[in-house]
Amino acid sequence: MNQVEEFNAYRERMNSKLLNDNNKIIKRIFNLDTNAFMEGALDVKTKELLGLVASTVLRCDDCVKYHLETCYKEGISKEQVMESLSIATLVGGTIVIPHLRRAYEYWEALEAS
Amino acid sequence: MNQVEEFNAYRERMNSKLLNDNNKIIKRIFNLDTNAFMEGALDVKTKELLGLVASTVLRCDDCVKYHLETCYKEGISKEQVMESLSIATLVGGTIVIPHLRRAYEYWEALEAS
Amino acid sequence: MNQVEEFNAYRERMNSKLLNDNNKIIKRIFNLDTNAFMEGALDVKTKELLGLVASTVLRCDDCVKYHLETCYKEGISKEQVMESLSIATLVGGTIVIPHLRRAYEYWEALEAS
Amino acid sequence: MNQVEEFNAYRERMNSKLLNDNNKIIKRIFNLDTNAFMEGALDVKTKELLGLVASTVLRCDDCVKYHLETCYKEGISKEQVMESLSIATLVGGTIVIPHLRRAYEYWEALEAS
Amino acid sequence: MNQVEEFNAYRERMNSKLLNDNNKIIKRIFNLDTNAFMEGALDVKTKELLGLVASTVLRCDDCVKYHLETCYKEGISKEQVMESLSIATLVGGTIVIPHLRRAYEYWEALEAS
Amino acid sequence: MNQVEEFNAYRERMNSKLLNDNNKIIKRIFNLDTNAFMEGALDVKTKELLGLVASTVLRCDDCVKYHLETCYKEGISKEQVMESLSIATLVGGTIVIPHLRRAYEYWEALEAS
């Protein structure tokens, strides 16, 4: 199983457990997460890039992976992703760089999958 | 002097002092900050929204004000700004809400100025 | 107007504007915020202390003020609040101390109001 | 060796090295960490939940594991833990979710051990 | 009262209240804070710069002010302070810049006092 | 391959990919990172300790490893490194402790390599 499949399998298995656990607040946060990234005054691509940058400056590798995958599926180009990540690195500082390395590796895994 | 003018006056006065201080690293970071938000694979509006969301989840009021003003000058609509801020609040959590209140107040000040 | 009244007046005025702005995601986050602190498997007092500690380690002065006020209204003792804040300072480090000073001052304002 | 044993073995081995290294500040911080969670105006269970929520919003997986284990030993119910984690996710935002997944997995490992 | 005097007066007044409040954990953290910056394998100047950089990347204005003042009293040059702050801005990103502006302003107030 | 070699191999491989990707902002940030730690008003050893403490309080394991290695090569003593890390743990709180454990382990790997 490659890196992308492994990440998704774990994510789906645990999300399913969390949603079956019946904590209302957690369920609603998951639900909001789906709604917030749907088309509105901003299109889906822009929103995914916003999610990617927010995840990157907050240095959440799993969140970065998730948004990279959605960006990839939405047809956002590597150049656009890299510009977004460069803004995140500038705003968030050089402590973002290790996450940038892992993001780049994950994007390559998405392209190879 | 209103809130917008006061913020800009202080910002410009201190930036000018920092740039005259001749620390090369700081000068170059300021320079990068200008370049990173110029048109490239992504347009200026998208980049400003990325900067706004990064600033908001990192809870930097002054950075939020700066990007709100640039968004305003670029003609980004209030609805688009609010959607961006809603993503930031969801990703960054309810601790973002006090910054959201101040952002909303600053946007009103921009509209009134 | 004292510190407590001033904080609440601004908070209510801006919350009302945010809720009237009609961004669904923000409305729902506000709504969740109310629900999450209602009695469940844990009582309201414990939940308020959890909210206080979360706000303190994340160094959000306005969130700390809000939870201090709810703690005060729930009849939580100053000693219990201080023990919670001491855990927050230990876990979050000495950068929490300036927020601890402001929290202490706000608690005194609550007692004096 | 399961996940719980592995975590504890590494933690104990390295803590022992750190304490033998004779840096006074580090020794005293470890000592404070023990004292802060002892019964006082608040009982041990409440303090452990405060520690859990502080660790979760600061997104420290190892700290979360440690407090989950103490919560488990103190007889705190899964429902109470989940309510605490739901507050942490709301306050800290969706970037907490990957840590929530790992926390849930660790709680299951504690129940299975 | 100038900015330096105002900051110190508030800081001392509230620290005194916190220490009189008799919470042991908080007292010991304050005590550790004094010990950690005393001469050891590293000299006091180096330790103050470490405290300054830690405070700056964690974006704690009051902590920055405190360490700027100690740096100033220790005879650390403005150029050395600026190099330390430039490292903090690079590592912590452009969100550090508003704190850099306020740090620069406070250093000027120290020189003028 | 030991822990040190593994870390460096991955770091170099991905840095090389990032630099070949031709995003100007990222290239310049990498370039600044080299310049900021060169001798100036402060010597290289002090700057490396500043980088180590900044990385530790921001809880970036890879950044900590990188600066530990440079500290090691510069001949900084273990006692000086531990004093720096103790300041970082005090300022950043007990959530830094898991990173302290991994830092200590990495320093041992450097000594053994």
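Going by the order they are written in, the chains are A, B, C, D, E and F; count residues from 1 in each one.
Heads up, the rule we're going with is that a residue touches a chain if its C-beta (ideal position, glycine included) is under 8 Å from a C-beta of that chain, and two chains touch if they have at least 3 such contacts.
The model shown is predicted, which means the values in this text are computed figures rather than measured ones.
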**Prompt:** Hey, how far apart are chain C and chain E in touch steps, shortest way?
**Reply:** 1
**Chains touching both chain B and chain C** = A, D, E, F
**Asked** Between copies chain B and chain E, are the contact residues mostly the same numbers or mostly different, with half as the line?
**Response** different
**Prompt:** Hey, which pair has more contacts between C-betas, B-D or A-D?
**Reply:** A-D
**Prompt:** Of all chains present, which has the mean Cα position farthest from that of chain B?
**Reply:** D
**Request:** Could you put a whole-Å number on the gap between the CA centroids of chain E and chain F?
**Result:** 23
**Fill in**
Distance between the CA centroids of chain D and chain E (whole Å) is 30
**Item:** Interchain centroid distance [CA atoms averaged], chain C/chain F, Å
**Value:** 36
**Prompt:** Out of chain D, which residues touch more than one other chain, so two or more?
**Reply:** 25, 29, 32-33, 36, 54-55, 57-58, 63, 82-83, 86-87, 89-92, 94-95
**Request:** Take each protein chain as a node, join two nodes whenever their chains touch, and name the resulting shape: line, ring, star, complete or other.
**Result:** complete
**Request:** Would you pull the chain D residues touching chain B in the complex into a rising list?
**Result:** 57, 89-96
**Asked** Considering the complex alone, what residue numbers of chain D touch chain C?
**Response** 29, 32-33, 36-37, 40-42, 46-47, 49-51, 53-55, 57-58, 63, 77, 79-80, 82-84, 86-88, 90-92
**For the chain B and chain E complex, residues of the former touching the latter** = 10-11, 14-15, 17-18, 21, 23, 25-26, 29-30, 33, 54-55, 58, 60-63
**Asked** Given the complex with chain A, which residues does chain D contribute to the contact?
**Response** 59, 82-83, 85-87, 89-90, 94-95, 97-98, 100-102, 104-105, 108
**Message:** Which residues of chain A touch chain C once you look at their complex with the stated criterion?
**Reply:** 24-25, 28-29, 32, 35-36
